[in-house]
Structure formats: C-alpha cells, structure tokens
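Naming follows writing order (A, B, C, D and E), and every chain is counted from residue 1.
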Amino acid sequence: GTGGQATPVADTPPAGTPSGTPPEGMSPEPASPGPGTGGEVIMLSTQLAPLEEAEKMRNAILAEYPGGFPAENFVPAATAAEFTDRAEAEANAGEGNGEVSLFGALHGDLSILADAGQLTDLSDLADELGDLGLLESYVELGRFGTDQQLMIPWMQATYIMAASQEAMEYLPEDADQNALTWEDVTEWGRNIADAGHGQRLGFPAGPDGLWHRFFQGFALPAFTGRVNTAFNTPEAVEMWSWLEETWEFVNPQSSTYGFMQDPLQSGEVWVAWDHVARLRDAFTANPEGYVALPAPAGPQGRAFMPVVAGLAIPASAPNPEGARELIRYLVSAETSAVTLREVGFFPATEAELPAGLDPGIQNMSDAVVGMTGASDALPALLPVGLGEQNGAYNQVFRDVFESVVIGGQDIQTVLDQQTPNLQAVFDTSGAACWSPDPPSDGPCQVQGAE
Amino acid sequence: MAEIRLERVSTIFGKVRAVDDVELTINHQEFVVLLGPSGCGKTTLLRSVAGLESIHSGRILLGGREVTDLPPRKRDIAMVFQSYAVFPHLTVFENIAFGLRMKRIQSAEVKRRVESAAELLHIGEFLQRHPAQLSGGQRQRVAVARAIAMESGVILMDEPLSNLDALLRVEMRAELKRLLREIKATTIYVTHDQVEALSMGDRIAVMRAGKVVQVGNPLEVYSAPADRFVGSFIGDPPMNFLTAELERDGGRLTAVVAGGGRIPLDEPSAELAERVGEGLVAGIRAENIEVARQAADAPGNGVVARCLVVEPLGSHNLLTLALGDTRLKAITRPDYDVAPDEDVALHIDARRIRWLDSESGLAIGPPPQAGSPVPPA
Amino acid sequence: MAEIRLERVSTIFGKVRAVDDVELTINHQEFVVLLGPSGCGKTTLLRSVAGLESIHSGRILLGGREVTDLPPRKRDIAMVFQSYAVFPHLTVFENIAFGLRMKRIQSAEVKRRVESAAELLHIGEFLQRHPAQLSGGQRQRVAVARAIAMESGVILMDEPLSNLDALLRVEMRAELKRLLREIKATTIYVTHDQVEALSMGDRIAVMRAGKVVQVGNPLEVYSAPADRFVGSFIGDPPMNFLTAELERDGGRLTAVVAGGGRIPLDEPSAELAERVGEGLVAGIRAENIEVARQAADAPGNGVVARCLVVEPLGSHNLLTLALGDTRLKAITRPDYDVAPDEDVALHIDARRIRWLDSESGLAIGPPPQAGSPVPPA
Amino acid sequence: MRARGLGWAPYVLLVPSLVYMAIFFAAPMIQSFGLAFQDSTGAWSTASIERMLNDAQFSRALLTTVTLLVLIIPIQFVLAMGMALIINARLKGSGLWLYVFALPLGVSELAAGIIWFSIFTERGWLNTFLGGLGILERPYVFLNPQEPFWLIFAIVLAESWRATAIIMIILVAGLQSIPRDYLEAADVFGASTWQKIRRVILPLLRPALQTALILRTILAFQVFATVIAIAGRGLTVLAAEAYRWYGDLRDTNVAASYAGLILLLSVMATILYLWLLPTREERLA
Amino acid sequence: MRARGLGWAPYVLLVPSLVYMAIFFAAPMIQSFGLAFQDSTGAWSTASIERMLNDAQFSRALLTTVTLLVLIIPIQFVLAMGMALIINARLKGSGLWLYVFALPLGVSELAAGIIWFSIFTERGWLNTFLGGLGILERPYVFLNPQEPFWLIFAIVLAESWRATAIIMIILVAGLQSIPRDYLEAADVFGASTWQKIRRVILPLLRPALQTALILRTILAFQVFATVIAIAGRGLTVLAAEAYRWYGDLRDTNVAASYAGLILLLSVMATILYLWLLPTREERLA
C-alpha cells in the first residue's frame, strides 16, 4: 500500500536510525521534474543526486561547460526505481520525442534499459575517446554483452583497504602492501594483537555499513572466483572459516560501524575495509596518517567490486548531438579531475591525474588504480536486476555472517539453510547471474539449490 | 412557590438502605430541621433532593414539578455540603459568587450579594483569600455564604454551623432564620444541636436508620414523641421511661408502676382505656416529675425512688433517681436540698405522660399536655 | 511523663499571627480544653505542637524534651484532624490500624486495639468499608478511633465530636475521658461545645486572636473570667456587665450602678479599694442575680430594672431585663411569675461580682466567690 | 523560615544524590552539545551554528516546525479533553473507549506516517473513497510539495491520530484525582457541563494539563518520521534536518547544532507553560 | 441503576461523536494491520506472519525487547519516583531540579543513543575516564556483541537517561494533586518517609502511576534508535526488525506483522497494568 513517495524509509534511514549514504549515491532527493527546454541537453542522473553533490555537479563540475549548463537541466533521480520509471516514460514518448537526452547511472541500472533496447550505439564515440585511456574492463561492461557500445564509462568508485600508520609496522614481513592477500590481513591483525594493541582490524558490519558488499564483491569471489553460484561450495566454506579465524583480531564494535572513517580516526580501528567515499574524511583530514591499499587477493584472484557509473543516450533523446558533447566534456581528463576533487568519484580511465590533487585523495586513487589495473584483478559487479529483492539479497549474506561468525554456528549448516533463501531472491526477481558468475538464461541458479 | 415533596423515596448503597421509603412534604417557605443519629441518612436525603444521589425508587417534586430525573443544576437549589466543598482554586469572593456567575448575574449585583452574604457570616475580611488560608469554621461559613447568596427557592443545609463557636452560632441562627424568611426560601436544615433544632425549626423531622419516624413542631416532638426512640433521642436529659401496667379499680384507670407506686389517670384516652391489663411504658420528661420529701408532705402519688446523684446546675438541680432498676432524671429547684441515698416521693403528673407500647415502643393515644413551651437545652 | 510546654510560641502565615506568643504548659495526664472563637488559632496551635506548622519563634517541649525542630513522626503524638484526614484508600480497619502498623506492633495486638477503639466509637460494623462509604459523623469517629488506638502520651483533638448527635456525643465524652485517663494521655482538646468544655476539661485555655487570654479550671474561667471577652464568650447566657462607679460613704465601699441602684461591698479587695471614684464594670452571672417584686418584699439593693422578655424554660425562667440601656439576663424559678414591662428589683450578690476595668476590660482583684459548682449549659 | 520543622536534614540527605543526578543527567548533555560549538576539525568555533543558520532548509524547517506545533497542540488538547471526559463520565462501556482511543499509541511515529501516507497518496484510500462517492472524478494529488496546505493537513491529522492519546491518558489520570465534591458543588450551583469544565475541572486539572502540554510539546519538537513519510522532502522540520545532517551529510556538528536548537526551543516552551500556568499556593484543602 | 439522575441524555449526545472517533481511530489501524495478513502479492494469507516467526532474528528480537522492558521500567520508576519526591519536597531550588531532570526529554531517541554510544565506545569518554583514573590500563570494549551484558547495560542506562523524565513529570503532577492532609496524617502517625511513600503516596498516586506505566511501556516497545545506535547489529528489538523489514527488505507485510505484534504486546501490557492496579470505587472523599 505504500507507493514511491514512501521512499523515506527505503532510502533515508528508518525513522531515527543513523542513515548512511550508500556509495552508489542514492539518497533522498525526489526529482523536481525538470522543465523540458527543447534544444538544450537535459541530463537525468542517479549519480550525484544527494542535495550537496548535485549542487557541486551544477556549480563546479559543469561550470566549465562551453556555453554554460543551465542548473535545472541536471535532474537528479533519487532512486533507481524513480530512474527506471522516468526512463520508461521517456521511451514511451518514442524516437527523439523525449525530454531527456542523457542518462547518467550505474552500470546495473543502465543494463535494464540496454536489455530493453532503449539505448543508442556509441561505438564511434568510444573509439573517439580511446586515447583518454578508458579502462578496457569498463568499456567491455559498456557493451552489455552486445556488439554495440551502449554505455560510456563515466566515473567509478570502489572499496579499498585503509591502514593507519601505526598499523604499517605490523604488516607481515613477507607481505607486499600493494598486493596483499586476505591471509596477510589475518596475519596483520594477529601481529597487532600480539603486540598488545588489541583487536584493530575493522569492517563496516553495522546497520548502515556496506558489509554485504564485502562478501558479494570481495571475499566470496576472491575465494571462489564466483559469487552467487558458488554460494554453497567448499571454497565458500573456506572463506567463511577464514573470516571466523580473522574475526579474533577484528574489533567487536565492528557490528556498530557504518563508515569506517570514524573508527579509523578515533583509533579504534587500524586496518579497515570500506567504500572509498566512506574512508575519504580520514584521508582528507589527515593524509599522512593513513595508507590506502588495494583490496587483498584470495586464491581465485584480487576480487573487487567496481561501482561503475556510465553515460548513455536514450533512443528517445531529443538532442543526441548535445548529449555526445556533454559526454565528451564529462569524461575529459580535466572534468574527471574536478569530479574527483569535488565528490570523490574516480575517473574510469588509466589517465594520469593532474598534480596538486589533495594528497589524501591521491593516496586513495593510487590504490584504486593499482587495484583495478592489477594483473589478477577480478571485477565482481554490483547486483543487476534484483529490484525490490535487493535488500533480501544483502540480508542473506549478513544473516550467514551473523549466524556463523557472531553466532558461531556450523558453516555448512548455515549455508544449507540460507541457500534456498538466496535462490528465492533470484526466482522472485528473475535476475540472471552477473559477472563473475557465468551468464545464465533465466534466473540465476545457486549451486546445490533445487 | 417551592414546596419540597418526597414520595416514597429510597436511596440505596449496595445493601445499605440509606434512605428508606421516605414520605415527606415541606411546605413553601417552611424551615424543617432534620434530626437523627449519626449515619441515619440525613445527608443522603439531602443529596437525593439535590439530585446528587440517584434515587432507587420514588419521586421527588420541587414546587409541584417532578425533578426525579433532572440533573442537579436544573433543580434551582442551593446547598451547604457537610464537607463544605468550597473550591480550593477560587478566592472566597469567587467561591461565594460561583452560583451567581453560573446564572450570568451582572457583576454589580454579584458584588452586592457576595458582600452582604460575607458580611452576614463575618468573613468580609477574607474575601481575597483562598480556602486553604482559612480556618475550619471560616471555611464552613464560606460554604454557607455561597448557598445563601444564591437566594434560590430551596436551600439544603447539612450541619452548616457545626464548626462555629457557641456565641457565633447563636448569632448565626438568628441571622440565618431572618434571612431565609426574607428570601422566602424553603429550607431543610440538618443539625445535631438540639437547641438549634428546637429553636429554629418550624417543624422537626426525626430520622432513624433511613426512615422518618416523626414530623412535627418542636413542642410536639419534644413532649409527644411518636415512639420511644424519639423520646430518648430528643431533649437533655432524655425522656424517662417507666414500665407500668394499667389497672381499673372502681371507675378509674390507674397505672401501676413497676417498682412501686400507682398513678391515677383522670381522663384516659380511648386507646389507652383498651389497654387495661397490658404492660405499657410511661414516658415522662424530667421537668414533669415533682420530687418531694416522703409521702406525707407532698401530693406524691406513691412512687418512691432512691436519690443517687444530685447535680446542682445553678438555675436548677438535676437528680438521678433509681426506681427499682430503672434510672430516672428529675429536676428540682436549686435550693431544694436532698442528700444522695435519701428516699424521695415522686409526683408524676399523669396528664404529662406519653404512653408507649412496651414492645413496639410506639405511642398510644393523643399527645399529652405539653409542659413548658420551650424545653430546656 | 508527657508534659506539653509551649514557650513564647508564634506561628505566622504571611501577615496573620495565627498563634501569637503563646506561653502554655499542660501537665502530665492533664486534659486541657482549648476554647475560642472561630479563627482564633486553635487548630494552628495544635498543628504547631504536632509539628505540622513550622513555628516562627519560641520552643515546644514534650515531656521535657525539646521538639521544636523534630518532624511530626518523632514527637510520638496522636491527633484528630478537624478535616478528619482519614485515608480514602484504606478500609476503616486499616485507617484505625495505621499508626500501629507504622510502629510495627504485631497484628494480634493491632486487631485488639483497633476493635476496642472501633467498639468504643460504635463503628465496629463498618471496619471493612472505605471512608467514602461512611457518613460524615462515622468518618469523624474513624478519625477519633485512629487517634486513641495509638495510646500515645500526647493526644491532640480538634473538634473531635462536632459532627455527632447529642446523645452519642454525651456518651462519647464520658467514654473518651475515661479512656484517656486509662492510657494516661496528656490531651489538648479543641471544642466549640461549652458543656463539653466545662464538663470535660481539667483546665480550660481560652484563646482570642492567637493569644491565650486565660487558663484555669472550668469554674474559674466561668465565674472569674480574666477579662470581659472571656466572660462574654463563656457561659450561656453570657455574663452580664453593669457599668458602675465606686464610692466610699462612711467606712464602706459602695458601687453606684449606672441606671440606678447601689451595691454595698462588704469585704472589697485591696486592688478594688484603690479604684474608688473610677468607672468600673461589674460582671455578674445571670444565676447570681436575684429578682424580686419591688423593693420592700426582698433584700433587693436598690437596683431596679424593667423586665422585657420572660422565657419559661421548664426547669427555670430566663428573664431579659433593661437597666438603663444595658441589657441583663437573669434566672428565676419556673413558678416565679413576672409579666413583661413590669419593674423588678434586683439583688446582686456583691461577693459574686467580677470587677473589670472599663477600658482594658481586664479583671481587677481576686476571683469572686464561685456560684454554683457546675455552671448551667 | 524553617522547612516545616524539618531543619536542614533533608538538604544534607539530598545533596549527594542530587549531585550524582546532576552529573548523570547534565554531563552527557553538555559534552554532546559542545559539538555544536566545534567545526568539523573539532576546533572551537561557531562555524557549525552559522552553517545551520545559513542552510537553505533552516528557515523553512523552523517555520514548518512551529506551524505544525501551533496547529497540532490545540487540536490535540481539545480532542484529548473530550476523550478524557467521555471516559471519566463512567457511563456504560466508557472503559472500552479508553482502549479505542489509546490504540494508536501502540503505533510508532513512522508507522503512523506510512498509514496516513497510504490514505492520502494519489492512489490512496481517500482518493479511492472520494472517487467511489463520485465526489472526485479523478484522483487528486493531495501530497504535492507545491501546495503545502494538504501536506500540513495530512501531517496534522496523522499526528493527532497518533499522539492525542498520550495527552488523553494523562488527563484521565488527572480527572480521576479530582475530589468528587467539587464537581457536585458545581452541579448543585447550576454549572452547565461547559461551565463546569471551564470553571472547575480545568483549574483543578492544572498540574495534569501542564504535564501533558510540556510532554507533548517536547515530543512534538522531535517528530519527523511522520513528516518525512507523508511529505517526503516536500516539507522539512528541525528534527528531520538534524537527521539529514547527521545521516546523509555526515556533519555531526551541524546536527548537534540542530539538536541543541530543538532542546533550546523545548526548554523555552516549558518555561513558557510554567509561566502561563503557575502552580499557585492553594492546595486541595 | 440510573447514571446519577441524568437519564439517557449523555448517551444520546455522545453516540455520534463516539462513532466518529471510533472510525477516526480504529479504521486506519485495521486497514493497515490487514497488511499483516496478506502476502507480498496482496492475497490473504498468514505467509507474512509465518515469515516473521521463522525469521532468524525474531526470537532474538523478542527476547531482547522483553529483557530491556523488564530492566528499564522498574529502574525508571524508582528513579522517577525519587526525582518526583525531591521536586515535590518544595525545598529551596527544587524547581531547578525539575529542569535538570527534564533536560534529556528534549533529546531525541537517536541523539541519546549517539551520546551514550560516544560514552561507551572503545575510545569513548568512559574508557578515557577509567583510563585516567588508572582503573583500566587499556580501553575495554564494552559494546561487544559477544558479551551482551554491557550492551544491555549501556542501553538501559541510555534509556533511563532519556525517558525517565517522562514518568517523572507525570508523577510530579500526580503528587501535586494529593491533598496535603493525608501526608500530614501519615507524618503525625509516625510514618517514616519510606512508609509514607509505600502506604500513602503510592496508593493515592495510583492513577498517575498507571498512566505513566502504560505510557512508558508502550513507548518502550517502540524504542529502537537507541538500541541500534549503541549496539549496531549486536542486538536487535522488535521495532528495529519492523524497520529492517520495511526499510531494507522492502517487505511491508512482514513489517506490518511486526508492528501488529508490537501493538498486541502493548495492549496486553496495558490490560495487565489495569488489572494489577484496578481503579477501586473509593475516591478522595
């Protein structure tokens, strides 16, 4: 009985809970439907939607746009749902008769439109931008498994490790700080603990934390090479037992952490994993104090979850040319730099960042680039097509964690219990597997779930 | 025209019949005093008339109009509560003015009435105080003032002077009586002070255990009690009761008093005449017993009693006598000296005897000749 | 040993000196009655002794121990509140038992005491009711029972019988008095009932406007009032006051009464002798005025008054007389018949006169010879 | 003047516990509202407060908060008084009403918001209902940021629905402890129901009223879930802003400023009430 | 027996308003808790309820909720009573304490949670303090899911801090309307402070106590921000689950089931109280 307007609960915290801004950048800002001024380019974006980010987009990032960019033409969409609805409406308007000329959204959101064939081919533009050094893996994503370039990678964010200087001296000798393994992390935690500093590893396992992403994008793929299909496999069990072991050195208060920058700054945690946007304050406030590290690798590689925002032009675009112009501007090295500085999203390119960047940001971006460009890099995408089931999906992983690590129950049993729930998520949403799981026709099938 | 009429009214609390089938009419402008032992139902009767207790059966009429089911405010009455119930949040002035304000009387008039009422009750100086700043008696007077300021047709007063000193009370009685006559109010007045009852009441209604046992003017009630209870309850000292048997010797009836002595009855009532041979009770007031030194030197009619106590009370002496095993009180002149343990002859004036049935205690025959117009306090 | 001693105690409410510099000692086991007009400070005095009002100055001692700053519960007293203050949430039984429970007396004993107290006050049948289910008088009796059940050394009673009917009150007086003697309690007893005061009190303390104006045994207070106020406040009818002037003719003092008549003083007090030639006031009780038909046939001493009203009160007649423009009350025998407007000669017994200063109204010289041992009610 | 003959004992006894309590109650407050006077780096400054005052939403939020308060409180009190009187009338089955009226108490702020949102939303019950009656031929968008009237209306309704019972049960308790005599006296002296309420009940109810007013106002300052649920970002209140700054904008200092402001307003309101409804010396004597 | 001589008039007058109120108060409730009996497709079924009952967190949440309630309510009442008595003692400056005690009322549930989190967190004030005193050589992790004792402890403390004042001011109002005579009588008849409280004040305070109990319990069932702020995922309560299902899991039906359960428990608690503390017939006569 509660329609889109009841979003506060969906996207702001439930009344009275500390809400986090999920890095995907969803936050309550119901779109004030922008006026469609024919010739101009109207951009609808799920990204940079929160009030403050939107302001920065309008006043800083778009500032240098040749001929200026009318503020009201950048239309933030508060939620994926809102975005999809609007896009639907646009599509229904028909070829070239829509209002919006450019979509800015996450890869996952766009993939729905791509499947619906509502996006135009930008292969030429992709080639044209080739010398920018767009990250190949992302360009690949932009094709959505077709032979057309339906999306141009715009910017990215992801999750990395952050360590305070105190921690560095306890780094296992044999470990290379730019190519850590999860086993190293365990060692690291043990060293710190043995040195009498207590449990200094930390994870955002609180209600507002993005803890589920740790499993979906990092630990599971790193150990199994896959995510959902391998949910209930010996490798998965291995991962969970690793976590169990590691948890001895993890600050128990992790179950209250939302943004790891806080415990890092308070010193409760020395080594943390979290989304860059949620580590940023620590680095900007005290660049020397912290070291950014690429996510560690597991047996199956250096799995990480890229949060790729892309730009796409709908078939209904009234002004495709203007849109292409805007794309060129947004992905240009200069604009990317501004974007990074202002809102902390990293360029989707290998391009050198201009000097004079905030050292903290620099520090982080090095780690990001190091991770995304790593030889054993194993990108694991954000869930695609789960829709309303998103929460349920995340919950499965959190529940396993709470039962196994906090509750200390037998791993296999717990996995067996949860497998049906996970399967149910796919069955209800009808979502197909996404990379690194092998593509599936029809709902994704969890291994060992009938 | 505000006559109060109770028709077979009963008010019941659980098992307690606080007011039990009461039939009572109080005429327009009449001042009726309600007298009775503590807990006999006086307050409940008042509250029933006021509409504060829902009566269990019967009808109540005020000035001919049935009010049984009317809420209190529709009955146009004023009341002095036994518990005062003065409003703690209002000043004395506002307390007295309360009823008038409810009637939207314009303030000049309110002021006048409040002040005259306060004057009358000597609380004029406290008008700006709150009840919590008053003494018990002062608070009680506020309650009275509040009631009389209403000048309504029916006024119910529940022990309105109980907490005032003797002097003030005497004064208040007179003042109240005058005022109530002035404003032509019909009044029911509960009191435990017999002098008050006997001196103020046009009529007295005596209650007992929820029932009204006698209604009559003070003298009747005093000298011709309807039953033994009324006789013993009213008057100080209470009525004396001698057990006696009627005999007919020759043409005339004689009462043979238990414990000795014969009282000849000159003009016995018909009812009495029928009771020959039966055991009866002779009720006689102390002041109607004449005490004399032994037989000879007095018209004593053979009733001889032993004197137990002599209480000289200045204006008169009060003797306590033993006749057989019944105790009697008698009054003599202050200078009449009789020693304790002395035997005395009593002359009981037969015409002053109230004859009662020995079982039921109910009166037999017409009232006796009244003694003194106003009985002693 | 529980003597109550107030040393220059004052209790002040804002501008009102409710108790004003009172000096009073009540001996162990004594029963002192506090008498005074409404609002004179009786309750406040009691409350001060109980520790419920913080006194403004002075000291209070109970049994020699200073309690001025002690909280009430440390004073080991029991009290009957003028407003009863029986606990609405407790049954009658628990109300009476309250103080005992506080003292942790074991329940058998509690039961015994509660029941005997309830018995004594005729509320035995209500023990399981709640106060809201009781009549006013019954509630008051609960308050009294609660106090006596404590059997504490000091008992303060604030108009404890004011809401009881005459009969019950007479009985209660006797019972209370007996019981209090039994439990050896020292008692302060506030009442407005003069008979009660005069018959119960070992001593009577008369208050006026916060001050104690006289303390003495009933007879003293009655026949030798400390000042005009006491004389007029106590006794019914109140004392008569004649203005008179002292003269010395020959060897002997004579009082020349305004309005005519000379009263020879046989053995005048020294103080009085000094007042020759001054205007004084002669206070005389009604029963000490002998009324006689004109001069000759009586030892009348020349004071002639006109009879205004004759009230036959059975045991005696009460005359209202006019002497000049002062009104007098006098008592005669019931059979003494005098018609209104008739002139009568008064014989005033000089030895019974209470001489007072005409300005201050204070008494002069020693108390006069007491008249009747117990004054009339 | 000596406290009714107790001397100084009570003070001596109380002081320790008082001190302890002061620490327990005041200390955390002070420490946390200190944040309002620091900037994000933790240095002392009024930056955060200025930031709050200059925030685009600030004046809007303040205005809405006050508006809602001014609308809701009186409505609730009239309602609550009526309900309390009905219950206190002790007529047949009046006990039942206590439950009916008190039911919404069991519903949390947000739930209430959602319930009423689903009533007022474009496809909600209200539109369906009015449509059914043929009063509206097509659904009307009540909850439209462009016309605050309906938003306010819906919020006021929701809040009245949810929180009136709090006031009610306090008043019921108050009514129960008014000695019956006074009401009877009022009856006898001809007070109509309305006069009785105005002249006797309300004054004697003062303590309860005061309590209810203070409590309700303070809680009302903290309401925001209802607002967000119904109006989304169409309307905002101080509490909502506090959360936005804490949750979305991650600026604890500005959040603390807002919290501090709310606290300040609550205290001011309380003082206002205590001043408007002073507890006089007279007691139920 | 006739209602004190008023006949049927009152009923006639009341019925319409009662009916209206019934609709206003009951209808939304029913409609929304209907959701609990539908599955996600909107078909009638007990699926959602079963889902709730079988949820891993359910029993944990229920247990914690009850535990917290059982701990918090008594503590708060003792505290509140003490505070109320101090204020009612009318000693010098006791007015001030009203404010001190009531201050936290102005702090929202979440804020309170955050404040106390910052006290109990590993690098929080408490550890710093104890460290400073040398009682702890290194910070102790109080908020550790593995040892719920401290979590509960912190939450109980936070709640007591935040919400005791609600009870307090209700009790203060109650105390104010106890006629002084009764307290004086108790004094005279030798009741110690404690006896006075137990034998006189508490019984006469029944209406206020009842109100406070009911109100506090109902509100306590809805508390969750404090819990989440302090314990994170370390502990969960029913209300928190309701929000999780509504917010994170987007399952309105299960959320409704939780809300319904909370409502049910609240009602049961209320009935329990009314039954434990019946309002007897006797009144302040």
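We adopt the following convention: contacts are C-beta pairs under 8 Å (C-beta built on N, C-alpha and C of every residue); 3 or more make two chains touch, one makes a residue touch a chain.
Note that the structure is predicted; figures quoted are calculated from it, not measured.
Colleague: Moving only between chains that touch, what is the shortest number of steps from chain A to chain B?
Modeller: Counted as steps through touching chains, the separation is 2.
Colleague: Based on the averaged CA atom positions, which chain is farthest from chain C?
Modeller: Of all chains, A has its centre farthest from that of chain C.
Colleague: Comparing the two chain pairs, does B-D have more C-beta contacts than A-E, or is it the other way round?
Modeller: Result of the comparison of A-E and B-D: A-E.
Colleague: With chain centres defined as C-alpha means, what is the inter-centre distance between chain B and chain E in Å?
Modeller: 59
Colleague: Could you grab the centroid distance between chain A and chain C? Build each centroid from C-alpha atoms only and quote it in angstrom.
Modeller: Averaging C-alpha atoms per chain gives centres 98 Å apart.
Colleague: Quick check: what residues of chain D touch more than one other chain, meaning two or more?
Modeller: 3, 108-110, 114, 118, 181, 204, 243, 246, 283-285
Colleague: Can you list the chain C residues in contact with two or more other chains?
Modeller: In chain C, the residues touching two or more other chains are 51-52, 71-72, 83, 133.
Colleague: Two-or-more-chain contact residues of chain A, please, as numbers and ranges.
Modeller: 1-2, 9, 13-18 - these are the residues of chain A that touch more than one other chain.
Colleague: Can you list the chain B residues touching chain C in their complex?
Modeller: Per the touch definition, chain B meets chain C at residues 13, 16, 35-39, 43-44, 82-83, 133-138, 141, 158-159, 162-170, 192-194, 232-233, 236, 238, 285-287, 311-316, 331, 333-334, 371-377.
Colleague: Given the complex with chain D, which residues does chain A contribute to the contact?
Modeller: Against chain D, the touching part of chain A is residues 1-3, 5-9, 12-21, 27-30, 32, 50-52, 259, 281, 285.
Colleague: Residue numbers of chain B touching chain D in their complex, please.
Modeller: Going through chain B, the ones touching chain D are 50-52, 71-73, 76-79, 81, 83, 85-90, 98-99, 101-103, 130-133, 139, 146, 150.
Colleague: Of all residues in chain E, which touch chain A in the complex?
Modeller: Listed in rising order, the residues of chain E that touch chain A are 32, 35, 56, 108-110, 114, 117, 121-123, 138-139, 141, 143-146, 224-225, 228-234, 243-244, 246-252.
Colleague: Provide the residue numbers of chain D that touch chain B in the complex, in ascending order.
Modeller: By the definition above, chain D touches chain B via 181-182, 184-192, 195, 199-200, 203-204, 206, 280-285.
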